[in-house]
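Got a structure here, written out as structure tokens. Questions coming.
As written, the chain order gives the labels A, B, C and D, with residue 1 at the start of each chain.
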Amino acid sequence: MLIGFGTVNTAFAQKKSTTIATNNKVTAKVLQEILDKNKHFATQGKVADYIPELGKMNPNAIAFSVVDADGNVISVGDVSKKFTIQSISKIIALMIAVQEKGESEVFKNMGYYGTHQPFNHFANLEVSGKPLNPMMNAGAILTTSMIAGEGEIPFQKILNMIRFITKNNQISLNETVFLSEKETGHRNRGMFYLLKNNGLIHSTEEQLDTYFKQCSIEVSAEDLAKIAFFFANGCVRFDGDKTYKNIEMAQLIQSQMLIAGMYEFSGVYARTIGLPSKSGVGGGIAACVPGKMGIGIFSAPLDSQGNSIAGYQMILDFSRRFQLNIFQP
Amino acid sequence: MLIGFGTVNTAFAQKKSTTIATNNKVTAKVLQEILDKNKHFATQGKVADYIPELGKMNPNAIAFSVVDADGNVISVGDVSKKFTIQSISKIIALMIAVQEKGESEVFKNMGYYGTHQPFNHFANLEVSGKPLNPMMNAGAILTTSMIAGEGEIPFQKILNMIRFITKNNQISLNETVFLSEKETGHRNRGMFYLLKNNGLIHSTEEQLDTYFKQCSIEVSAEDLAKIAFFFANGCVRFDGDKTYKNIEMAQLIQSQMLIAGMYEFSGVYARTIGLPSKSGVGGGIAACVPGKMGIGIFSAPLDSQGNSIAGYQMILDFSRRFQLNIFQP
Amino acid sequence: MLIGFGTVNTAFAQKKSTTIATNNKVTAKVLQEILDKNKHFATQGKVADYIPELGKMNPNAIAFSVVDADGNVISVGDVSKKFTIQSISKIIALMIAVQEKGESEVFKNMGYYGTHQPFNHFANLEVSGKPLNPMMNAGAILTTSMIAGEGEIPFQKILNMIRFITKNNQISLNETVFLSEKETGHRNRGMFYLLKNNGLIHSTEEQLDTYFKQCSIEVSAEDLAKIAFFFANGCVRFDGDKTYKNIEMAQLIQSQMLIAGMYEFSGVYARTIGLPSKSGVGGGIAACVPGKMGIGIFSAPLDSQGNSIAGYQMILDFSRRFQLNIFQP
Amino acid sequence: MLIGFGTVNTAFAQKKSTTIATNNKVTAKVLQEILDKNKHFATQGKVADYIPELGKMNPNAIAFSVVDADGNVISVGDVSKKFTIQSISKIIALMIAVQEKGESEVFKNMGYYGTHQPFNHFANLEVSGKPLNPMMNAGAILTTSMIAGEGEIPFQKILNMIRFITKNNQISLNETVFLSEKETGHRNRGMFYLLKNNGLIHSTEEQLDTYFKQCSIEVSAEDLAKIAFFFANGCVRFDGDKTYKNIEMAQLIQSQMLIAGMYEFSGVYARTIGLPSKSGVGGGIAACVPGKMGIGIFSAPLDSQGNSIAGYQMILDFSRRFQLNIFQP
């Protein structure tokens, strides 16, 4: 990823001059400045178009939302713009599967590994038979298959959890995207059957539909900021609701986000931004500031790894401005 | 790694009852308690014996050292016990290479990737031709080859940097271990020539000797704690010396430690301990608490990934007791 | 495969004493001798049991059939015993696909490679996206998908070609085996969708059914001998019928049989027996003696590569007795 | 390989019109016709230039030599032109190693596999630890290391065997090529040490020199034809000398030539030419007609797999003209 590496390369040259201290207030003004400064990066990316519905996204729409340490929601840009959550749904599905089956069971046939392989890698399923981690597609398909219930039930659990975390009952499925994903998802279907062949999946193709559906849920940048806040704060909701409070769960999810949430770009991302994050091919990124904030961005054009290109730049700027990098002294 | 996974598995069952707050004082008493509680794990591991000299290490020797946020050094156990630094030297060599050549140049032919492959993996050198990261052997051999100077000079730079960081001029090379490493290091020599074939290494075998030498430097657990403190604190020494202060460097080193410092165990380690760490096959581990402490342990018996088994348990306990996990809310 | 390697190992020690010249007559007496001498090997193998129907095969049933250079059919043992043709059907499907589309088109997305990988290998589909050869499952599924026609038509073409070559209209589908293969064939289904994802397959799952069906056609050892004769003789039938005569086709099929027909055992098989052969997991092997004979054997117990263990030994003995090895001076 | 595949593609279109029967006489006139018709292909290839000495070869020099079934040597073109034998030496080294240690011992840590991987592939040394076959570099380095004797002895054995088979005592080492190979052979040196690491090689780098030397022996096309005749005829020399007569050895060598002698092009080569052959990057090919002839060609420009491009075309024409394909009915 040239942009990421470029950032790395110039990092040492830059004087880290006038950074704002972490306890400084996050304001809409600051977010707007960052958005304005970085929105031009969108022109260097490419909107996902593997299904026609995704290709229709407006490449100029951009939004930046933060839930600060006090649970205040600050958003700028196209805040009402909806887009499909795609792979960011994987952290919700992982949470539910672990709640139901226990971490030990969920990871019995799956690793906690980072990797240089892309999100849809499958060759390793031949060698070890097991997905590398729950952030890549193979592992995510396996994870979703472990959520209990027939028919619509597993999907409803995922949708309801997202609605709960965001306190937004308007969130729902984009049926058109779902049908497109289902129709063209040959590679995911191939991996589903390879996992089934390895004895890891016991359900029918119905559960693969759950996976296609969870990816087709529509959210806004603000919704993502709330999801990120939730995991950054021990599974406590932005309004303080502690129904699902669980420090271990939050550590599990965030550690996987840092290790593998940005796929093969995760190592560079940890180096430059240093925040547990999960991207979706719909153009969203959710980034956690452990114990503090949640960040949600949206901008559809993607870099070559499938991450929102302007989104990455906005989070990078924000992380530096407020010294949020977890490796910050 | 059964122990690591076992820890993960029981994590959710455990009540995180009476944790001591992070601002609580680290004392020798607490460290001794943790050491006493975990030293029995050593009996479940196996001292490295690929060279006779390593196999001679006393499996019962154990040490635990912490440099706290104020730069105080607290150590318990066999604090004067020396052992070879092995792979922990890779972070020092990386620092020097980046200082000299710039991060961009050092990573031109190397990734920032995590991986499920073991420390001595080489198959990927055929596909991409480039090491996955500077923490595994192939990348570390490449890194060291980039340190400028003829003959002894590159090694002296590494040795001097370790002496500087630890303020310990007694630190020196174990010649016997070096000669053994050199004589039996066929796999490292094989990778050296494959990298040379790929046009990544331009030096002669002399520079491979530098690598064998850097691994054969003898340190104590206390030395490791000081090294960890240094990178945890923006490359500021435990006594406050700011000669090498460099936030970006510290972020680079720590992010690589988290992503790949414990090799294929890094993902589980990030999940359970959540601290940037680097292990060596000599039985040492250096663990950074960003912006705060440095931890150094020694216990020779290793688990199947080549990490100190009692060392892992001591750091795990310590991390939980003081809530140091970077994903802690 | 210990048996194969064992054979290789002792080869040089053996005096090749009193071999019968190639122009000597193949008689039922000789075949019976060879069968009797080798039938005990069946006890060292294991009947395929990945579907219950296959596991029911009698491990003691054994048959040995040869069509000699004059088209005479000589058979001994359980000559009327039927078994499913399994992977031997791949050479028939390849012939039909090449007839219809031309060799160039059929191999546009597939190699002519030998390999050390097993018959159901799929990892390479990630790297190059293309099956290694038409003898392994991935390539065979691709091959069958290229046979034109809707619904039952492609299957009927394969069945009819087998009936033509054997002049045996009794040959038909074992419906129970087909349904079992279809139900449990997750790995083949996985590969079908990966090939579809790579843009190589354009048909629906119906064409995968064709593949499961072609494998479930029931034949006898005599039928296999006639199929082998056909390809050994430029696609001329054992009774002299020249309807499909095609030297290039016969060279294509036989070269692939030699290179990959026995999967990863092909290299050892070429060394020891030196005849283009194709095995099926049902316990059959068809072996061509170029320009001369066709050999068909049946014995259900398989070695670890999935080849009939007593069948291999019978062909080895026969090949030596009549000096049929293609590398024979 | 476009040329090879192109040949395959047109094969079915071609009328195999006026082929000369196999018992027809091979004459200098026929060879000259074939040479003249195909020499233009050389302009489509590229002379190997990984060492300067090889790059100096005249791309227009071309020679075609056949030893017929009666041991007559017929040669046309630049028959006195010398070139380095390169990988064709591997079959000689294999013969000597098997003579000394037995086939069982030589193949204890090496396969008989064909492959789609190139000649200098090494990644599989990580997975299984064992070379795929003795025709690729890794396996050939291992094979040579098994030839007994100190210093120059193993090389002298190889040189003497080539001199014996060709009855040509003028054959000797090209010292300049050897030194270049040695100096630049980083990849071979890398594989040597990986094999040593795997416990397969017990000798020092001196034995790697033997490998570099055997590749640097200078021969002519006529010498290659005699070598090919030798293995095609049960290790009987072209003048009838039976000192090394050994049918099993000849079958081993030829089967490996067919399976892997042309590297990843072997499958296509078996399909189109159908003769056990071994190529060298110096521009030579030795091709066996089992029980009959030996063919030797030279033309330095190579195709993308590293095989002589005009050489391939000449052998293809010759094989068709005399119907020599081993899969010929």
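Observations on the structure shown:
Convention: a contact is a pair of C-beta atoms (placed from the backbone, for glycine too) under 8 Å apart; a residue touches a chain by one contact, two chains touch by 3 or more.
This structure is a prediction, so every number in the text was calculated from the model and none was measured.
Put simply, the chain farthest from subunit A by mean CA position is D.
Chain geometry summary: the mean Cα position of subunit A and that of subunit D are 55 Å apart.
Centre-to-centre separation between subunit A and subunit B, using Cα means, comes to 30 Å. Between the CA-based centres of subunit A and subunit C the separation comes to 49 Å, rounded to the whole angstrom. For subunit D, residues that reach two or more other chains under the stated contact definition are 124.
Per the contact rule defined earlier, chains pair up in contact as A-B, A-C, B-D, C-D. On subunit B, the positions that touch subunit D within their shared complex are 121-127, 186-187, 189-194, 196-197.
Those residues of subunit B that touch subunit A in the complex are listed here as 5, 8-9, 11-12, 16, 98, 102-104, 107, 111-116, 124, 128, 132-133, 232-234, 236, 246-252, 254-256, 258-260, 264, 266-268, 270-271, 274, 276, 290-291, 325-329.
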